[in-house]
Structure formats: C-alpha cells, structure tokens
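Chain lettering (A, B, C and D) follows the sequence in which the chains are written, and residue indices restart at 1 in each chain.
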C-alpha cells in the first residue's frame, strides 16, 4: 500500500521533523536497489537502473562507486534524474563497480543522513549497502548496540546491518555479514559493495524481489547486475539470469557468482502486492509478467462482480491494465474517462485555499463529453484511506455520469504492512473500520466490489490460497504476518531512535 | 507540429544564444492564454488555468494582475507549477483581474525578456497582453516602428501590438487596439488587460481557439474567464459560455461582455492540427469533443489501411485515443505495449554518452513479455523528422515483435506552420523529402500508413475537404496557406530582430 | 551623503515594492562607470574596473560588450565579484569593446529592469549606455515621451537618454546624442558604446568625475579606458591620460580620441563630497590625491576645533585619513579604538530581535582596554540621520571612555542632493532640524564640531569659497543648487513613473 | 600561521577531494568555540558569539541547541552570517542552551560530515562537542577504535572524543569524558553540551584559549557563556569572569559552575601566535590586551631594526597595530599606503588569466600619490611562503617607492604547527630554507627584519624567553614542541582516515 504520487490516497501531512520517532522518520519505506560489477561507466549504469526503478522510491537516491582504491558517494534528496543527470556528479563516481538505492518519497522533511547506500569504513576496508524491505527487530538491536558504545548516524533500521558487521568477531566480510543477518528479523533485499565483491542478499522468506542479470559481453564486458526488477535490466541492455533465491547470498567478484545459503530451506512468502501495484507493468516478477497478471486480475474481477454499464474507465495510470482486462472480459468499451495531467510534478504545492480545495483536479480531470449520461465502471488497484477515491468519484459524477461502479483489483486492505511498504496506521485504513457496503456509501458509488483473495491468487499463480501455508505474503489483506513483529511488541515510547532533530 | 516533450520527435539541439535571429529566438511559439475578470483570487485562478493549459507551452509562464490601482507582474522560465505554486508569488499578484500566458518549451536558452504577458505603461494607463499564434508581417512592422523611434524590448512578434497601440492616434484603448489589429497579419488569439476591462481577440480566420466562460455565481461572484481551451474552464469550475468568434473582439468589464466585429465576415480556417494533437483530449474544441474526434480518426485509419495483426499499441500518451478507435474498429486487442516513464521530467539530461545512446529508453520502455512474437500495430499522431519513430520501432523490434506496422493519425506533414506551431524547416520534415514507402524503410517498419486528408476531414467534421474553400487550415499537410506569409517573402538576412544576445 | 554599507547612517527600511514612485525606486543613485575600447579581454577588464569602483555602487552591476557583429549583455543584482567572477559569464561577453556600470546598493527590492548599462536597438544599430549622476528634469521629459508613444522599460531617469536619441531627427549617433543632451538637465557622466565607437560625456557643470586612460601598448594594444576614478585605471594597469572636461564629449574609435564641446564654456561645479567621502582614498580626483585632501581636512579640523584629549580614534574605515591628519596636527596618538568586523557582509540580516537590538555591534566593536578611562576624539566624515553616530558613541562610552568628542570632516549636511547621491528627505537630516549644540546632545557627545565650509575649501583647493561663484557644488551643505530642480517643482503625486510593480 | 583570507600568504590550490588523507581533509584547523547555558535565545546568542569569532575560522559553522527534551543541530559551509542570519534557521534551534563552532576556511572542497559541533546519541542521552585545537595521537586512537568496531563518520581528529566517551566503562558523562581526555594527546579547548550541563575543557598545557563569562542578570537571566575570546563576550553583552585554566574542566549546570582538575598541575604553554596574529585586536588574552601587545611588538621592532625612512605603512589589516607602534617609536608618520578592497569577499574567483595575473591587486591597491618617491617601511605580522609578500612589495615598487623596507612582527616561521593552526609543510616555509638575507632578495626588499624571540617575549610578557622552560608555545619559531607528535612518528601512508571520497 504505497502512498506515493501514483497512489489513490493522499499522504498525511508530515509535521516538520521536530520529533523523529521511528514512524515519522520513515524507516519503513519501500525502496529499489541496483548494483553493477565489472563494467565501464558503472555509476552511469546505476543511475539508469535507479531511474527505471524510480517508481519504488522518489524521496531520495544515492550511489556509491569503487574505483579500485577508494569509494565515492553521492546521495541527495529528490528524483534520480534531478541529481544523477549532472555529468559532474557521475564523473565524481569513478570505477567499474557501483551500487545505488532509491528511497520512497514523502512530502515532509527528510534528512540526508537517512539516504542510502550507507557507507562504513571497517577495519578491513570500505563497505556500502542499500536495503529494500524493513526489519522488525531493528529497534531492539539498536538499543543493544548503543548500550555497547556504537554511535548511530541515521534513524533507519538498515544501519543495524553495518554495526553488526563492524563488531562481528568473524574475520571475512561474508562471514561477518552472515553473522549479522542471523541476528536480524524482517524483510530485506540487500545490495552491498566491498573492495573485493558485490554482494546480493534476499531474506529467507523472499518478501522483496532481487534479480541477477548480465551485461552484454562486447559492449560492457559481461559485467554483472543486481536489481529489484527486470525493467532495470532492460534499460541498461542487460539480460535476465535468474532471481536471487529467498535465503540466498550471492557474492559476485572477478571469479564469477558464488551462491551461499546459510539458512535451512523454507517456503517463501513473496509480497503479493508487488503484482497488484508496486512493480512496474513491464517487469517480470518471480517468473510472471506483471502486466499479464494485472489483466487477469481485471478479468477475474469482471467475472466475480459484473455490473451492467456503458464503459470501463481506469483510474490512471495504475488501474489501466486491470481495466483493459475487465473491459475485454465484460465486453465493454475501455475508455480514457479520466485524463491525468503530466505536468503536476513534484512542485505544484497549491499556494492558496481556493486552489487547495480543487484537490484532485490538479492531477486528474474528467473527460466530460465522454462520461456525461453514461454508466461508468471505474477500475482502481486499491483503497487505503479512501479520500482520493471519494474525490475521483465526485469528479466523475460532476461530469455527468449516470452511474458510477467501482471495482478494485485487490482485496480490502485491512492491515498495515511491516515489511517495507509504508501504510497508514491500521485505524486509518478505510477497510479496517467498514464493510464493503459502508465503504460504497462513504466513497459515493452505486456499487463497489473488491477481488476475492482466492480470485487474486488464481490470477497471480493459477491456484487458490492455501490457508495452511499461503504461497505469498498477504498480511495487508489477511493479517497473517509470516515474520514476527518484534519491535511492535515493545512499548511505544521506546521507539524514539534519536534525540537529534536535524534541520 | 509542436515538438514539446510529448512529441514523437526530439527537438534539434539549440545553440547557446550567440545569435538570436527570429528562428532561434522562437517568436513562433504555440502558446496558451487565460484571463479572469471580477473574481477573488484572480491570480490563483489564472495559475490554475495556465496549469490546465500547460500542454500548450512549457518554456515559460507569466501572470499580470490588476488591483484597482496598480498592475503586478511575475514571469519566469519553467512550468506553471514551478513558479506559481509559491504562495508568496501569488500574494505578489493581488487584485480581482488577471491574465496569464504559457509559452512553448525549448531545451535551449530562453530569455526572460520574451516571456509574456507583455506589459506597457501607456499615456492612458497600464496595458498587458498575451498572444497565442504567430504574425506573418511582424518583421516588416517592427522595422517600420524602429525607424520611427520605437525601442523594442523583446524579439517576440507580439511586441508590435503594444507599439502600434502606443503610437495610435485614436483615443480609447479599444479604438487603438482595432487600429493596431488592422495593421497586423497572421494568427492571433489575444487576452489583454487594462484598468477598465479585460479584452479577448481572435483573428478573422480564427486559426487559434479562444473561449469565453463564466465562474459560478456565489463562489466566485460570476466573474468572466477567457481561455484557449475548455479544460481550463473545468479546472476552475467555470461553465462554457461560447467560443469567441473569428474576427471578434470581446470587451469584458463590470457592465458585462460587449462584442465588436471590426472586420467583414469571412470563412474561418481553424487549425485542424488542434484536433489531431495539440488540444487536450478532454477539451471540446469548436463544439466537438477532441477525444471523440481522435477515436474516429483511429477508426477511419483502421478502415483505410487495415493490416492483419495481434495487437494495437499506442505510442504514449498522445496516440492512445486513436489507438482505442483503431483497435475497436479492427477488432484487435488494445494493449500497453510501450510503457512511459513518468519520472523523466525536465531534468534528466543524460550525463554520459553511454546514457545518451540509450536515447528513447529513458522515456519509454517496451513491454517485452507482451510484445515478443506478436504482430504489432503502432499508432502515433504524426511523423515530423522521423528520428523518434525510428527509435521506438527499434525498441519494439528488440523486444521481439514479429511484425511492426505503423499507423499515423494525420496525413504526411509536408510543410512548415507559420501560424503559431513551431515546426522544423521544411527540408527537415521527413515527409517533405520521401514518399510513404521510403519513410517506411527509414523508420524500419513492415508497413506504414497515414490517414488521408479526406478521411481526416470526415472524422473531424463529417464531410470531406472542400478544395475550393477548405473548412480548416491544413497548410502543414497541403501547403495551402490561408494568410499571406509577408515576412517570409523578404530577404532572409533581414530577419535579425536584435543585435543583443542576452545571457 | 551616500548611505551604503560604509556609511555612518543605517538606511531606512525599504518597503517591499508595492509602489514604485521615483523615490522608492531609487533613480537617484550614485554610480560608477567604466569602458574599454580596442583591447583583448574587454569584458574581463571591465569587470576589474567595476570591482575597483565597487564603493560607488553595490546594488547591481552590468556589462555590455560588442564583438564586431553583435552586442552581449549581462546584468545582475549584487556585487561585481558575485556575478562577473564566473568564467562562463565573462565568456558570454566576447569582443574588444565593453562598458560597465555599478549601481548603488539598497536593502530593499531592486528590479533587474533598472540595472544598467541600458541597451537599445536603434534603426542604425545597437547602443548601450551607463550613467553616473541624476537628471533633474527626467520626469518631465518622460511624460512628454510617453505621450508621444514611447514605451519605457525601466523607472530610471537614465532611460530618457535612449528615447531622446531614438526619436531624434539627426542622422549620426553623435548628433542624435547631442540633440538628446541639450534637452536634459542635471548631473551626468556617461559611458556609451556603439558598433563604431565608445563615447564618454560629462555634463557642462562636471558634477561627477570621468577620466580617460590608456592601456599599455604591448600587452593590451594601447586600447582606451573611460572610468569614474583613477583607482580603476590602476587595477587594469592603465595610465592616466586626462580628465574628460565638463561639457565635453569624447568619441573614441580606431582613429583615436575626438573631442566635441557642444556647449559654451562655463565654470564647473565639481561635487565636493567626492573628496570628503565618496571617492576612494587612493584615487586622484580633479588632479588632487583624495587621501592627501582628507588628511588636510583632518588637520584643519584639529586647528579649528581643538580639544584636550588622550587619543584620536577614526570611525572605520572612511574616517581613517582625516583621523591621521587630525592626530598629527593635534599631537595626539592615532589609535584603532573601534574595530570593524570584516565578515558582516551583505548577508547578516539579524534573525531575531535580540540580535537586531545589538545593532551596530555586528559591524563595529569597541577596543575596551584601549578606550577605558581615556578622553577620546572620534573622527567621522559626516552625520546624516545621526542614528549610527549615536550608537557608536554609546558603544564607546560603554567601553569606559572618560570623554567623547566627535569631529566631522564635512560641514553640517543640511540639504538633500539631487545630482546623483542618495540622501534622505531633508526633514530626515539631523543638521536640517538642529544646531550643533542640539546635535551634540542627541548624539551624546561631550563636544561636537564640523569643519567650516571655508576650511573645507582651503583643504581641498587651497582657497576659501567664493560665495559669488563657488568653485564646487556644495549644495548639501549650503543649499546653493547650481542646476535647476525642474521635476521637484512639479506636484509630488506626478512622480509615479510606472503602474507596474514587478516582483 | 593561519592562512585564511587575512593572511599574507595565498593558500595552495587544493585538489578536488579525490583523496582525503589527514592533511588534505584539514583536521588541523584553527577554530572558535562558543556556548551559552541558561539564557533565552541561546542559539541567537551563539550565532552572535560565532560571528565575533569569525576570524578564527571561515570554512563552516554549526550550532547545536537543547530544548529540554531534544537536541537540534544546524551545520553549514560558509560564514556564520550566511547561514545563521536566517530567522528560520535560528527558529529551528530552540532552547536555553546551545554550543557553536567555527571552522577554518579553505578554498578547496570541504565536506559537511566534518563540520562541528559533532553530535552523538549515547546510551545515557545526547552529547554535542566543539573542539578548538589539534590532537597529536588521533590517528593512533582512531585505528584502535575502528579495530574494536567503532564506525567513524568524519575525518576530523575530534571524533575520537565521542567514541572514547561512548565506549568508556564509567557511568557519568563527566567521568567518561575524563576517561577519554586521559587517552588523548594534543591541544584542545572543548565546549560540550548534554541534557544536564554545558562543559568546558582546556588541555593541561592550555595551548588554546577558553574563557568563562556571564550574561547580565535581568536581561538574560544570568546565564553562563564559554568562548574562545573576550570579543565574543562583548558582542552579547556578557562580562568576563575568568579564563578556564589549563587542565581544568568546568561543568556548568543550574547549580552554577563546578571546577574539576583531573591532572597534576604543570606549567602552561599558551600559543604565542595568538598574540601576534590570530586573536582579535580588541580581545584580552591571558589577561593582556592584544592590541597593546601588538603595538609593543611594533615599538620593539623599531628599536631592534631601525632604518631611515619617510613613512610607515601597514599591510592591511593585521599589520596595523604593530605599524602604529613602530611609527610612534621611530618618529615616522603612519600612513595608509596600501588600500584594502573590502568587496573582494569569498566570491571573486578570477574568471580569466588576465585577471588572475593581477593577483593581489583585487585585494590591495597601492596609494600611488602617497608612496611615489618615498622610503617606505612595510609592517606585516609574518612571512609563511613569501609569495604574497613578494607581490605586495612589487606593487609598492610599481607605485614608485624609492626604498622598501619590510619589518615583521614575529620571528621567522621555521616550523609547522601541530596544535591547531594550519601551516604548510615545513619545506614550503620560506624561513625554513633561507636566511634573512636570502629572504630579502626573494621578496625584493631593500631590507628585511624580524623581531627577535626575546624581543617578542618582552613585548608580550615583559621578560625574555626562559630557554629551560619557555613560558609559551613557540614551536613554529623554535621547533621546541611541548606535546609529543605521536601520529607524525607513524609511517606516512598510515594516515589515510577514510576510503570514502564524498562529493
């Protein structure tokens, strides 16, 4: 349930960072990671990869490169293109190895000290790491480390990795890393860089994606790539090799790729929301094309909750593939009844109340002459707080729609995510407090339907959910959390990570 | 044939403005205009209107307001949201009347002195004006005015309006304006502001659009709005009153709207390209919904040049409505085979060669698993230079398409526009130098087809083109220029407008 | 009576430019001008010259160069070094001829449209001009020109020059310039640039300085320089040739220097305040070294108003030479009893009241251990409003001074200047409302003395003032204005120059 | 031997920070510290104090405040006034306690991670510290701490303080601090802030100054101030209480000031260069007024190395007090023969070679009419590399001086400082490689003389140097280093502190 600009839900206003407890400092972001080993222009390729993964995080971006002797870092708030399209920035990141990280966008203040990749000078050399996911015992570990004399620079959960590695009694980097990983709980896909190797890690449940690719031999000398999604391989012309497996560590150096599996084999629990919304439609995730899955979800929705109508309209842009699938299955025309304004950008901050009250109109406008007098099926991917859905419906009605039926390509979102997707507190989730009929009234539609959990599983994987051992992590729909929520069990006031409020 | 970021054609690299002859200084931009009379928050409403008209010009934007005593101006390079979402900027534009102007985006240097609305202190008071269109005798007039002792501030063609008004021997503003209009030739939709009235003007041929709207009574006190398109009425909640007619001057003051028609009635020649590409799909232009027209063009294309295929793919985003029409008529699935990256923005400037060579991939990516092995019909709105089309086709082929057929929702663009749409010199137009078969080879498609001129007229207006008196301006397709190209007839070296190259 | 940062008087807070009548828009600045003809790196040399003349104006700076074909302009708010130390800016100003202008600093908003050199495209070619001084009939002329249809771009008095030239019926630039000059009244030293020549002009009274210099032959090819002061020759290694004479036009082209004197010879009235404060101490002005003059004024002061004391302390930095002269004549030690903080800069804007109330302490601090228990003679150059003097005295008393005697190296400032030095309205001048005894009480000193007008004349020129035909302009001390104050005689509400308030 | 902008020596060009070994990353800066306890507007007062101490460091500045609950930090490159004159910045630093730090200016890249005060979240709460001085065993300690698993954020020597405190086994902050201090060697004056107290520390030799002051009772509630110099007390209206003693820790909390002396008493070795150049002339240092000392040095110089001459000219601004003393003793006139341009600022970066070659002229200009034909005694405070001295002499000769005699108010600088003043490597010091006669030839003077070491001691303290136990640290003149140079004894390649080169 990400709430970035593509989301159907407006983000809560974030207070100026007077206090920075775990929640407000956003340690639980969704993110994208990318890395290149053994290729010319490694930092430029990483910038491209991060650009292709921009949908996974728009708050900040960073790259660390290694030139054979020293590490080079550049981290900045804002989009990848804002920072890394400057030739001087790329030139300041020399070397044939680099890793990068995209961080999730917020409207409030974000501090540079939290932007990844994190870097540390260990006794044995430099080490950089980017993390996609979220740890569930980071606060507990942090407290213990501080007690021991460790000084934390950031308020991210990810920093515990570097301290655990720093104090490990093992001697090699990989052994120290395994030592650290055995102490953390939660979801993590990591890309790390040392002087000797690039390392990829995926947690035992494989909640977040991580893939291995290879650059074409002549042009880029057959270097290796790690990335969150296949769309980041496409942009640099790399070919897909394989998924990094749940519970696998891949160590990539000049001898090739070495695989280490320090955990006993267990059933994976990949995040099903990656299919519904988060991954890019042109990515192939866990072997399945995302676009195809979304069309199948739309078709399933049409079968489960058909309604007589004149046209099917996606809420742009994320609702488009499901709407195409719905329209085809329902035999209704697919139409662009809502136009998205591509120029809203990051900067339209609504200077006056009269503009602010226009709300969603800055981003979307109704195609009046198309909609007027018609029965409209609106297709969207999810309902989080419900505030944007209500505005969209209002706009469609004001354009003269005769009926408005909303169809959602996910089950009701009833629980928060603690594995790397930022969701509101549970009591802010519309579906946690209301049944579907009540939600329909609140949003103002003539009918509302969500896909069933089994329908979703069928569309994604071809079989229904196995309640005994679910094939995916679907905690946001079911409350079935596969990994213990350790920190959540601690007293709430325990969660302040730093006494420093930095401007 | 606009060449902004939504265009299928990359803009020619613009030289650092060492020389600023008429061409490089872009006096021939396409633009958007907006004005509000008698409403609270006039400048904020104008910012919204310009935001809705952002597709008509992304280079720069400006607003002039009048507070009953003084005029206030803010003009800046960049998008409307970059500048006018700052509450301090809006606060610096007090008053119940305001006009604004969007100017077409270029990648090269643009100088502030050319940003509109232009403002002048006349003997009788302040006067501001924004101009959409292009004059064809501006250079000739400018030369005569300079000879008389007039000092030009800008290199825009629009500045002749203010000097002609300043030196007119008539006494009222409106009489002076008419005096000026009778001396200019070309395409113009104007919005002007004085202490007494807001004025809208459309040239006798009505080449560019201009509409009149009204704000809802209670909220905004029934103030009046002038705008280039209806989508700008929607965003401020105004209702459509009527088109300003070709050859009409509307003078809006506290007594209402007065209409003046200083020219003999003649047949209008509205720009047909506004339907094909330039206007927003949710606008109603000259009484016809643009989205509907584009679907009809797509259907006509399917009838005229059917080809066996597996799927219809739009070149995003402008090709979407025509592709929907084409797919429905051809009975083929409509699919998002090309994904547009929404984060490219203005700032991704490709720091290295290895990134630059990836070219179009920063903006678009192919949906590989959808396209591989399929016969694809690509639908786009126009081909100007052909360079982007070639890259798109290359990308689609690299994704494994079995066949690529391109269908264009306009006739071949064989001539430059001189009435307000920036097009390359004629010899840069692919269709000016090649027949369709040669174009297909250059672009690399299995087949290429354009809609016929009569097919286009039927889709737009329901009847074929009348060669004796064409119903629209279609000079870019036919070379039939309705308004004399006076300056073009002068010697080329005559066109340098200023000896000043400002940094 | 300049009130820049070196001034003993704080500038009145300037309102945000909601209204821009003549006074608030500061058309009456003191300025510096510089020009180079026929030398490599002309713009770089001009930047240096303006840097040496920075004390004459810190508000803004501009340079226009000519490359043999086109003119190039760069103008910016701020110090010369802020803008023209950027290699890209200098590179954007190619050519072997350039002129530049420094504009006086204000704390309020200043608009770019008022920054000089002004540039105009005349029928016969480009023309740029920088103006030091102030016209006394500019408003009257402006009104007539606007009535004729001239459109003014700025609110500076200087713009009337370019319009008068543009509409002149003469054919050559020089004849048109003379035609224009004959219509203006006031003080002006001009440096102008055309494609054929660099032109220097000094008004018939020679109120403001202007000198001619020459670059060394081998290095800079013997090019010519025009400048406000000799210190600007020194920095570029040019030698002093001669003063441009009052009422003289020098036309410098590749044939050398041509002198034109279009007025009947009359007695000059050079501004005596240039000696007291405005010119740099290392300049030679009207044949006399400024530093030497200031020491002589100090010595004269000591003779005129001796007082028993322990040490002589200058108010830094402008009071130093007079204090040295005073101390030597009085046989007292010269000591740095007040330390100036060199880091105050333009940016220390006092964020809180508690800092604001410390006032002068940010700029100056008392040397406590030196001053405590001593009888101190403070030497300063002038008293305008008196507010800073009062704070300085307070600070010196707080540091423990036994007695504080203030000696001023100019006569009481009783009248405003209208010839190019920004002074407060007359009723804000302390000396206009109080006799010396009252001023001493207000400022809080044990004694206060000003140099006599005859003492000043003797120190400057060796002879007393000739009341019949004073040798200098001393209007600020005597009210004897040599040039008629035409605009001042018009009704005050007539002075609004523009209805536009630009942000 | 600081080499900031007031220095007679240009700084060596600093390489873009491709490598950041200890030397290039400037851990050995001279700095200023300031702190306030128990006063309203603590951050604003600290900004003022840092402003008064700006001469001690212009590279960067930072403030940490404590509001009773959380700490707030703002650190930035540039001058105090550039950053802390912004009301929003001060408002972001709430609380009644604050400490601040000025860091020495360099022309090269400086990274934010090195700007102080450093802040750490310890187990027992927040801790901030600012350090003036330089440690001589910081690299050795750092290596041991990294080995233990400590992660360093900066490359400053000062960071070892916080890690040593973090890992100390003692329980109270003060005990942990003493534990840390006992492990470090070098020069340090510290100001630290915890939730309970403000702490001041001076190393056992008292190399750097630190003083205690008190705010006036009614206005600022009698809060306490720590500062490097008395001039910082004057600006906030605080009274001088006493010097913090060498080897003393002062703990200031709401119960008042507690003194702790954890070391055995030993003879102090205050830095004698603080008197010659570094401290501000209006400060009272170690009980002695700096201005008075400098005049006495000048007088002693005149006695030691008299030469027949016409005038005494200071090299501005640091040479002025010594020149006054010299002139008075020698019976010669004191004259401003060199004018300093106050507008050079940080930004005049000399865009072209022709400007660069003018070198010193941007900063200084000769007062030609004063100097021509005269025998000039130039008085300056020190000669480091000698390059600026040579340019100054060249400029004075070019202005026509008959003879140039240089007198230096310190002995020859023959050794580098390792206790907190940035000096070039020893082989770059002119006096390390040349005798006085050779130096005179290189600089181009007719005669050159330095004050003798005993003359200096007499002027400062009234007695000659005791070679057995010198009363001051004078290592830069004598090579007698009171504190062991531990790190310097280690192999040079050992000194790389971080593998990260941050942009």
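Throughout what follows, a residue touches a chain if its C-beta (ideal position, glycine included) is under 8 Å from a C-beta of that chain, and two chains touch if they have at least 3 such contacts.
Just so you know, these numbers come straight off a predicted model, no measurement behind them.
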Report task. Match interface B-C to one of A-D, C-D or A-B, accepting only the pair for which over half of the contact pairs are the same residue numbers. Result -> A-D
Report summary line: Averaging C-alpha coordinates per chain, one finds the centres of subunit A and subunit D separated by a number of Å equal to 49
Requested in this report: List the centre-to-centre spacing of subunit C and subunit D in whole Å, with centres computed as mean CA coordinates.
Outcome: 37
Query - Separation of mean Cα positions, subunit C and subunit A [Å, integer] - result: 62
Report task. Provide the list of subunit D residues touching at least two other chains, using ranges where the numbers run on. Result -> 89
Query raised in the report: Chain contact graph: line, ring, star, complete or other?
Result: ring
Query - Complex contact set, residues of subunit B against subunit A - result: 6, 40-41, 44-45, 47-48, 51-52, 54-55, 58, 79-82, 84-87, 89-91, 231, 234-237, 280-282, 284, 289, 291-292, 317, 320-321, 324, 328, 333-336, 339, 341-345, 347-352, 354-355, 358, 361-362, 365-370
Report summary line: Within the complex, subunit C is touched by subunit B residues 18-19, 70-74, 89, 92-93, 119-123, 125-126, 146-153, 162-163, 166-168, 195, 497-503
